[in-house]
Amino acid sequence: MSEENLIRVAVPELDAVLGHPFKVFDDGFVRVVDYMGNDQSIVQAARVSYGIGTKKVSEDRGLIRYLMRHRHTTPFEMAEIKFHVRVPMDTWRQWIRHRTANVNEYSTRYSIAIDNAQKTPKNKWRTQSQLNKQGSDEFFTKEEGAEFSRQEEELQKHARQVYEQRIEKGMSREQARKDLPLSTYTEAYWKTDLHNLLHFLSLRMDQRAQWEIRQYANAIGNEIVSKWVPMTWEAFLDYRINSITLSGPETEMIKSRGTFNNFDTDDLNNYRGFGFVKEKKEELNREGEELREKLKGLKN
Amino acid sequence: MSEENLIRVAVPELDAVLGHPFKVFDDGFVRVVDYMGNDQSIVQAARVSYGIGTKKVSEDRGLIRYLMRHRHTTPFEMAEIKFHVRVPMDTWRQWIRHRTANVNEYSTRYSIAIDNAQKTPKNKWRTQSQLNKQGSDEFFTKEEGAEFSRQEEELQKHARQVYEQRIEKGMSREQARKDLPLSTYTEAYWKTDLHNLLHFLSLRMDQRAQWEIRQYANAIGNEIVSKWVPMTWEAFLDYRINSITLSGPETEMIKSRGTFNNFDTDDLNNYRGFGFVKEKKEELNREGEELREKLKGLKN
Amino acid sequence: MSEENLIRVAVPELDAVLGHPFKVFDDGFVRVVDYMGNDQSIVQAARVSYGIGTKKVSEDRGLIRYLMRHRHTTPFEMAEIKFHVRVPMDTWRQWIRHRTANVNEYSTRYSIAIDNAQKTPKNKWRTQSQLNKQGSDEFFTKEEGAEFSRQEEELQKHARQVYEQRIEKGMSREQARKDLPLSTYTEAYWKTDLHNLLHFLSLRMDQRAQWEIRQYANAIGNEIVSKWVPMTWEAFLDYRINSITLSGPETEMIKSRGTFNNFDTDDLNNYRGFGFVKEKKEELNREGEELREKLKGLKN
Amino acid sequence: MSEENLIRVAVPELDAVLGHPFKVFDDGFVRVVDYMGNDQSIVQAARVSYGIGTKKVSEDRGLIRYLMRHRHTTPFEMAEIKFHVRVPMDTWRQWIRHRTANVNEYSTRYSIAIDNAQKTPKNKWRTQSQLNKQGSDEFFTKEEGAEFSRQEEELQKHARQVYEQRIEKGMSREQARKDLPLSTYTEAYWKTDLHNLLHFLSLRMDQRAQWEIRQYANAIGNEIVSKWVPMTWEAFLDYRINSITLSGPETEMIKSRGTFNNFDTDDLNNYRGFGFVKEKKEELNREGEELREKLKGLKN
């Protein structure tokens, strides 16, 4: 840990979008307010373990990939970023469940609630997924959607009127807000380290995450993190987003079958004996269905 | 750390209310589901530091008071408790800001939202505090309150109708919920260690906390923690809830005045020279006003 | 979340070993002091999300496996356990790096340091691994080992003498301890939730973890967690310990090769074009070598 | 939250010492590697709650003092700092107990241990405090100290020889290190937010903290934090370091006595009836003694 020239590093690609609000929905956004560190800071932190100075850039990529692959997470904690976000409370309720960040949210005890609620366009109302109990499926027709949007506007207007009447009559702000719709916008500063940010992104960029929060996660990942720490971002995509994990029993099944590329992934017999077939019914259980999808993903 | 008989301790006083829902508002509650440790576990953890066995009970109280007084917080982390709560989302939004707990909340992506929203009784609507920008003051008259309650019921009904129509027409639950009012009830398991629970209580039992969350904090503190760890609870009241902190400048002023019991706490001259008087106007600044309240609290 | 009979659950299999010290090395141990929750508490916490009561046991296993597979970690945080451990400071230095636990360690400021240091038996001295810069390889001969053990005993004795002379002459304990060897035993209470415990075990049961801390991790996992939450333990072994993760590029390579079961895993040509072969030298890079091992693991 | 000019702020006073190693002991140091935010970022974060733009600087000080006084801690989490430290393992063992920081420590598994151990000068050996079981008292004479220093050098030399012989003979580094003295230097990157840093400083700058870690805390506080966030530093000194807290019973006693400035703080009778006098012996208990010290501190 002799000489150091990695003091207070800057990233020109990120500096170019500092403060810029990336739009989400009709009135939401996310923007970078400040940051600390870059790809090289991560390398620097990892190398303190090895007692050697920072070496040539070409090796940095390999080291970052190694760290990501083996879940050596502490070096990624050495980079930090602070966002300013504007987001519907409904989405914020999910966001805030990530406990490892620092947060300052707009206070509707102190101030008048933001006079805007997120409105779903008529072509964006989604039906309940039948396969995934907590997911959405396809879109309603524009006709159906138009009616939903009309109803929503009416309800949001009603709720706002009640809120404003309460305020006008002198009701405390902390109580007046109690019937605002979850779609009401809020704002916050949100600061986190890179390791925890990537964990947030791996969960919230996922197909199973709700569409709304995915829009924020995608903006953060694709527009911001990719510019800030490009080597880390590449490794994250390779090892987290685009990876496949095979469990112990799955590995055993593949080994025992001799080859999985040749076999019919739809043939139930290929899955027997490892816990992937329902005992009573002649069909794959949930774990078996997920395996079938993985095997299809491995076939050309 | 020789012999130990503090294995898997039980607290009969707490066992007596295990699972019992302490009611809050019209339909909220908090109840204990499980716990780990008691006053003696805290003592045991503190004494590991001292390499001596658990001694007589009479000394436990003194040790717990010492730990609380000097903010030796780690022994209090050795006790853990798990609650099941039912609470309006508006209050839950404040609750969840305490990041050091473990949480599992009822999912309105997976299930139909709880069909109830917290209704404010006609005699409980509060006016905006003029002194405290984020507080409440007195109650509206029953006549005014009756009108607020009528409006609230109408709005909550409207919002529920929209929600149920969406569900009926096959909209995804995750999207249908977006315009529910913040007053809608949710439920959660909430698990935390005693140190972090006391920190939560010190903030949420405070007069400056919103009235609603104070009801939950009071139920947890007075009905549950007081039974679970009575020595810790007593120390907490003495050193956190009922204590007064004097800053460096405040201490200096008191010393310089010779005595504060005799002097007139309303005489501006007693406060000069230590930063408590506004430069331009002849009156106490905010810090000075708070000091005056403290001094009054010290006078008989 | 209607009826609940999961209040303050007990696990007879774990109760049977409560307080029992599982020995590690010459004088170390780990034992359970208290715990909260079991497999069913995890299920209960997960189901609060689904708004349905606890169902038949046969489905619990499937749900726990689902949670583990998809890294839904919060339900596992609902179970908590407290250990009493005796461990060399050198090992404790690694252990304590896991920040999500509650800790009370024996204080050598307050008390005389434990009069024992971990002694390596003559047949357990390990050579430096040439492949893994931070690992060990094989054992030294007993003759070489005997000399190392003799030297160690001499050094530990010397250090203890200096320590005891300092204490005898009235030196403060906090200063007298400064030259104690890292092999000196310490004790602590260590309390953590199940999710974080499994994370600890996944890192510390791993072959790349140092042999010493692995002994503690193995004792905790195999002797304690397996008894406490058997369904969770099975899922953990299947999805964490015995699983294989294939990165995006690795998946692409496998797909492009048509089959990997038939091909020669030692043939460099099979790896070209996906970043697994060194640019200049004709050999696999580190990532490629790891892939080769994985592919061998998938072949019968 | 309209206009913002607080994007990626810099603090010239801190920039002037960036990377500069502040020396501690014979070979230790602490230096700043990077930071995020300043006093104004804290104000900015606090004001998001109030929905108003950043106002004139003269009000910032008042707001920061208000936040510190009322333990509104989240705005202080919006500033972050990263240090590079060199510290004896014995001191590091205390340091690392603060769990809310990000850490990368020099690895003696991967690299040869740093060839230096902290040596106590002959005039710095301290006797055991009789009053404080975990503290030090006065210094040994230079003659006694010289002998301690001679012994220490001999022991450290012996330990290093054993270590180097092991390495020379090919022993794994991870095992060779096991008998190194706790005085051996280590290095680390240590990154934390300002709120947690102030908590660290309040505990480690305290008189009851061990002298060694106090040297680091003092360097960080006086040389670094004071330059970085001068308004916060002033408030921290006033409200944390130089403050006095009076418990409920202490407040009651003071009120009942009418005045404490006039009374004899050594007269036992003044303390009776509030739990400050031992039941059997005619003397103050520990809590009473601490109160007497506080009362003396309030008298001129």
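Read from first to last, the chains carry the letters A, B, C and D; within each, the first residue is number 1.
In the analysis below, contacts are C-beta pairs under 8 Å (C-beta built on N, C-alpha and C of every residue); 3 or more make two chains touch, one makes a residue touch a chain.
It should be emphasised that the depicted structure is a prediction, and the values quoted were computed from it without experimental measurement.
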Intersection of the contact lists for chain A and chain D: B, C
Taking each chain's C-alpha mean as its centre, the one farthest from chain D: A
Distance from the mean Cα position of chain C to that of chain A, given in whole angstrom: 29
Geometric centre distance via CA averages, chain B-chain A, whole Å: 31
Distance between chain centroids, defined by C-alpha means - chain B, chain C (Å): 37
Contacts with 2+ other chains: residues of chain D: 50, 103, 105, 107, 110, 133
Category of the chain touch graph - line, ring, star, complete, other: complete
Residue numbers on chain C that touch chain A, as the complex places them: 50, 62, 65-66, 69-71, 133, 203, 208, 237-239, 241-251, 254-262, 285-287, 290, 297-300
Complex contacts: residues of chain A adjacent to chain B: 88-90, 93, 96-97, 99-100, 103, 105, 107, 109-110, 117-118, 120, 125-129, 133-137, 140, 144, 148, 151-152, 155-156, 158-159, 162, 165-166, 169-175, 177-183, 210
Interfacial residue positions of chain B with respect to chain C in the complex: 1, 4, 6-9, 15, 18-19, 33-37, 41, 44-46, 48-52, 74-75, 77-78, 80, 82, 84, 102-107, 110-112, 187-189, 191, 193
